[in-house]
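Okay, structure first, notes after.
A, B, C and D label the chains in the order they appear, each numbered from 1.
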Amino acid sequence: MSSDHTHNPGFIRKYVFSVDHKVIGVQYAVTSLIFLFFGFSLMMIMRWQLAYPGDAIPLIGGWLGQYLVDNNGVLLPEGYNALGAMHGTIMVFLGVVPLAVGGFGNYVMPLQIGAPDMAFPRLNMASYWVYVLGGIAMLASFFVPGGAANSGWTSYPPLSVIANVDNAHHFWNGQTIWLLGMVLLITSSLLGSVNFIVTIVHLRVKGLTMFRLPFFVWAQLVTSFLLLLAFPPLEAAGVLQLMDRAFDTSFFMPTGLVVSGVVRDEYAGGGSPLLWQHLFWFLAHPEVYVLILPALGIIGEIIANNTRRPLWGYKTLVYSVVFLGFMSFVVWAHHMFLTGMGTTMSNFFQTTTMIISIPSVVILTAMLLSLWNASIRFNVPMLFALSFLPMFAIGGLTGLPLGLSASDIQLHDTYYVIGHFHYVVAPGTIMALFAGIYFWFPKVTGRKMSTLLGHLHFWPTLLFMNVIFGPMLIIGLRGVSRRLWDQTEYVLGAEVQGWTVMSSWGAWMLGLSQLPFIINFFYSAVAGKKSVENPWKATTLEWAAPSPPPHGNFAEVPVVYRGPYEYSVPGAKEDFQPQHLSDAKLS
Amino acid sequence: MIASSFWLPPNIAERGSEIDIIISYLHIFMAVLFVVWGVYFAYCLVRFRASANPTATYADAKAKTSKAAEVIVIVIEAILLVGFSIPVWAYYRSEPPTADKNPLTVRVVAQQFAWNIHYPGPDGKFGKTRPELIDEALNPIGLVDASEDPNRADDYVSVNIFHIPKDRDILVRLTSKDVIHSFAVPLLRVKQDAIPGMEIPIWFKATKTSEETQKIMTRAYAVPESAAGRRAEKFINRNRLLITMSKNGSVPAGTTLTAEHLKTLIADGITSVDLAPAFPVNIQCAQLCGLGHYRMKGQMVIHESDDYEAWFAEAGVEEVFEDDEEEDD
Amino acid sequence: MASSIEEVRKSVRLYLMVFGALGVLTIVTVLASSLNVSVAVGVFVALAIASVKGTLVATYFMHLLGERSTLYWVLILAAFFFLLLILIPVMMHSETVHLIDQVT
Amino acid sequence: MSSELLPHTLEPHPVTGMYNGKFGLWLFLASEVMLFGALFSAYILLRTHGDFPSHEETTLNYKIGALNTFLLITSSVTMVMAWASFKLNEPSKGKLYLWLTVFLSVAFLVIKIKFEYLHKIHHGITPDTSTFYAIYYCMTGLHGLHILGGVIVMLYFLLPGFGLWRKNPEQFTNRIECTGLYWHFVDLVWIFLFPVFYLL
């Protein structure tokens, strides 16, 4: 499928409103990296207030505007809440998911299945631009009267319904825009997920059976199903909350609310605040797996490649991921143990939660067993991938005390929760995403990233991730509630303030540690060392295409002859056998 | 004793140690698992590095050990779930104190940003409340007039200070006026969301009075060498919630340290001072409830049984609502 | 799936029959609702009829009958989560209400 | 890569038995099931555990509801007939059926808005009257938006999009089939909304 004479679009069609999955993938990746850094910056501001309560924010305190800081540059409690809510939202919905699914999924998945593009290229483009619109909405909400949404990334009503409305008498405030932004982001994910599933099921090349798919593609397939079926309920919930805000309906508003001494009888009442929580967590628990599964997929690819042997128990891994995806829909109420749940429901949900930990253990064990009898190459992607394993282990293990309802009584809504899920998402998923960037960079640009800068990025990042999140587990065990503007108001909080200071310094250092990456990313894209076609000696199909792949990807449609990880096959000439080369060509 | 492990706050609830045991066992289990994985992981990285093992083996390693490990994980999780978590949760959720135990029943009404404690008084019956009667300063939970409901006559409402007797079952009916809050007392191993429109019951029994708790939480703090400078400032600021526990030189027991006191201590040649929280049992709000979430702080005052009766006899007579500065917006 | 010309021609008659059935069932629902039965029975009857109508639309108009198992699996998955999403919140609420009643 | 060159744009995939668009549309419908599922969940929770007015206290006119049900069922038939006509290579008949479908759905919307929404609002019954009307306006409103979306798509295929029939009748027929699938789903949702709001 040569494309030179059929396709010669102008600049805008080629790089801005492109329908090419690779351009869209890069657009997704770059946009989401910017959002990741932005979301991280919000947290760095919050960490100042946490470490030094009531002190003016240095350097930038004067610029943050009246909704975030007071005249002296001290972060306001409502500003802190806004930063917290937006940090969560941005990192999850504008950062990690778009990078893992929109970026890596879009770029790598079609290549790995030998497809010329996604099944619906125009839908793909729409998905990206809806995502951008959602992002713009979220950013804009910082500037509307009253500032951005400040009711937490979970937006629990009635707080979120009454938030901002009464003070500013202004419908277009942060919470409303947050809801609209979420609806856009969910729509984008839905479009993407339909596209991904059809592409993976329909567009595989000849010979590429489901059980010859790279693990990454399986992870994307399961992720897409999660997006497809878990996101709509939040879309519905968002509409309900918008109606509560705009038309004073009472979906989430019980009878007889009195806020600051004022009876809120504009709400007829009769609603249930818990309804929101059900609909929210029905989305947000699978969402956790949307964050982690693509990361596991990336790790699988890189570990297989750099251990120079097949992934241990490929089929077990696939079944575990599918099972994990399914189970993720049946555990959501473990976020709601303390909403007045009785014993039957709690027993059901803590049992399902323990069950879901088993495939996670199986996956981790399989990855670890892949190292046995391997020939491990410690290149930069592999370092990131290896660091993922113990970090993900901590993240997973610390989920156990939260998943059992009895121990959750003490740990619920403390810093322990924050430590737990950040271990999964930050040193876990984000390390995996970095691994993926280093791994596929030569594919995308045709150039390699600097190894020295890679090391300068990796080691401090790993260290400071732990300096940030390790103390949170300790603070949480001590019983300190999360989302406190100043934890030293409480005896227990004051006792562990030292750990909070340490955590904050970790965060700022982590920010600094990203400089080598940023330099490396841009410098190498322009002036990095030219890479050979298959620099990692990998077996999967994306390396069968030229780097960077042209429009249409493959010069001729490849045919697949074997499974994805045929490394170190006994008696073979080389230690890797690409999927697309027939036995005749290999010998 | 494992139940009072290092990081958990002191436990003063009758059955709080059961939660501590689960948390402690879980962490031991997690630590063992992590170390075993870690050792294996580190061994692999060294033993199978490319320079030490240039050719990898194609066939999968036999995984008997790992299968065994997975089974062990499943078994331990099942034991913790069935043997510990489910029964403990049942106590917290389905075994309210029976009438023969004579529990003290109290309504707690959360609001932005205070805890209203509604005592039914000697008759044990709560007076009616109506939202439209709520007056933030005078009648924060909207109690009706005694002429409308005689049960209300002996009711007493306290703001942010929750007096209870020790060694008696406390049954709290928890609700909220406005948004979702969460009633968390880490030392009592109690936490429950307060949801408007629902009155959710929780129960607990304190085994120590506030004074006894203070004693447990007493720690020796090193006195900085100079009364000026950043270290001294930090010392004062960090310890602003603490009071001295015994007479130190010319600083009397029960003093909150100030810069002045610090000077006195240094002048008296005291190098270490015993401090404990003035109010050791804090009620925190654990659910984000607005801009004042961080300062939605209540104090639990746990009396000996007699002292509690004496306190209530005095307090219940006259209803005084202090103008609470923490209550605004 | 009705793919060949002949099959399509045949199914046209089928569509009209289904149309007739749907119309009759709509009338039956309306009539049934005017019967004096308990709420539970009323809900059951109305939803049962609606389900029959829905099944007719899905099997004939949407040609679900002729589709392959891949699609069935996707729809079964969605249906399962649909039921879960509908049942769990109500069950949990009932249990909480029971808990509250137990104490007050 | 223009979409025409992608595999299975027209010919069904051997395993799923569907072409890309149809498979995609079914997946979309699966997600729609969850969307309406969440709203039905809200309905049931509010009805069983909130201050939900009983059926006698509500004032929906079941006759209008039944009429609208009938209109939608009929539009479903005309829709499937439209597809069958295009399949049988009778484009003028197909177009006629499609116009009929548009007409019926517009009638549905007009009745819904003029005789139900506006009528109620005129009598002061708005979404904030009670949770019943809140969920009623929400679910029927969202359903109405789905109808509107369908009408726009059909108008597109009847007017500017009809050019595709001359270029590639098979693809055009497929698109009508997908539109039909969507349309029947919208009809199916209404089949449940009708008894839930008007009769129970």
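Just so it is clear, a contact is a pair of C-beta atoms (placed from the backbone, for glycine too) under 8 Å apart; a residue touches a chain by one contact, two chains touch by 3 or more.
All values reported here derive from a predicted model rather than from experimental measurement.
Note on interfaces B-C and A-D: more C-beta pairs are in contact across A-D. One finds 49 Å separating the Cα centroids of chain B and chain C. Here the spacing of chain B and chain D, counted between their Cα centres, is 53 Å.
The geometric centre of chain A is 34 Å away from that of chain D, both derived from CA atoms. A straight line joining the Cα centres of chain C and chain D is 16 Å long. Annotation for chain A: residues touching 2 or more other chains are 201, 229, 233, 254-255, 269, 272, 274-275, 278, 282, 339-343. Within chain C, residues 70, 77-78, 81, 85, 89, 93, 96, 99-100 each touch two or more of the remaining chains. Annotation for chain D: residues touching 2 or more other chains are 15-16, 23, 27, 30-31, 34, 37-38, 41, 45, 49. Judged by the touch criterion defined above, the protein chains form a pattern that is neither an open path, a ring nor a star, and not fully connected either.
Against chain A, the residues of chain B that register as touching in their complex are 7-9, 18-20, 22-23, 26-27, 30, 33-34, 37-38, 40-41, 44-45, 48-50, 53-58, 60-61, 63, 66, 69-70, 73-74, 77-78, 80-81, 84-86, 88-90, 92-94, 111-112, 131-132, 134-136, 142, 177-180, 182, 184, 186-187, 189-193, 195-198, 200, 217, 238-242, 277, 279-280, 282, 284-295, 297, 329. Every residue of chain C that touches chain A in the complex is listed here, in rising order: 70, 77-78, 81, 84-85, 88-89, 91-93, 95-96, 98-100. Taken together, the chain D residues at the contact with chain C in this complex read 15-18, 23, 26-27, 30-31, 33-34, 37-38, 40-41, 44-45, 48-49, 62, 66, 69-70, 73-74, 76-77, 79-81, 84, 87-88, 180-181, 184-185, 187-188, 191-192, 194-196, 199-200.
Listed in rising order, the residues of chain B touching chain C in the complex are 93-94, 96, 171, 173, 198-201. The residues of chain A lying in touch with chain B in their complex are 76-78, 81, 84, 150-152, 156-159, 162-163, 254-261, 263, 269, 272-274, 307-310, 312-313, 338-343, 346-347, 350-351, 354, 357-358, 361-362, 364-365, 368-369, 371-378, 386, 389-390, 393-394, 397-398, 400-401, 404-407, 409-414, 474, 477-492, 494, 497, 567-570, 575.
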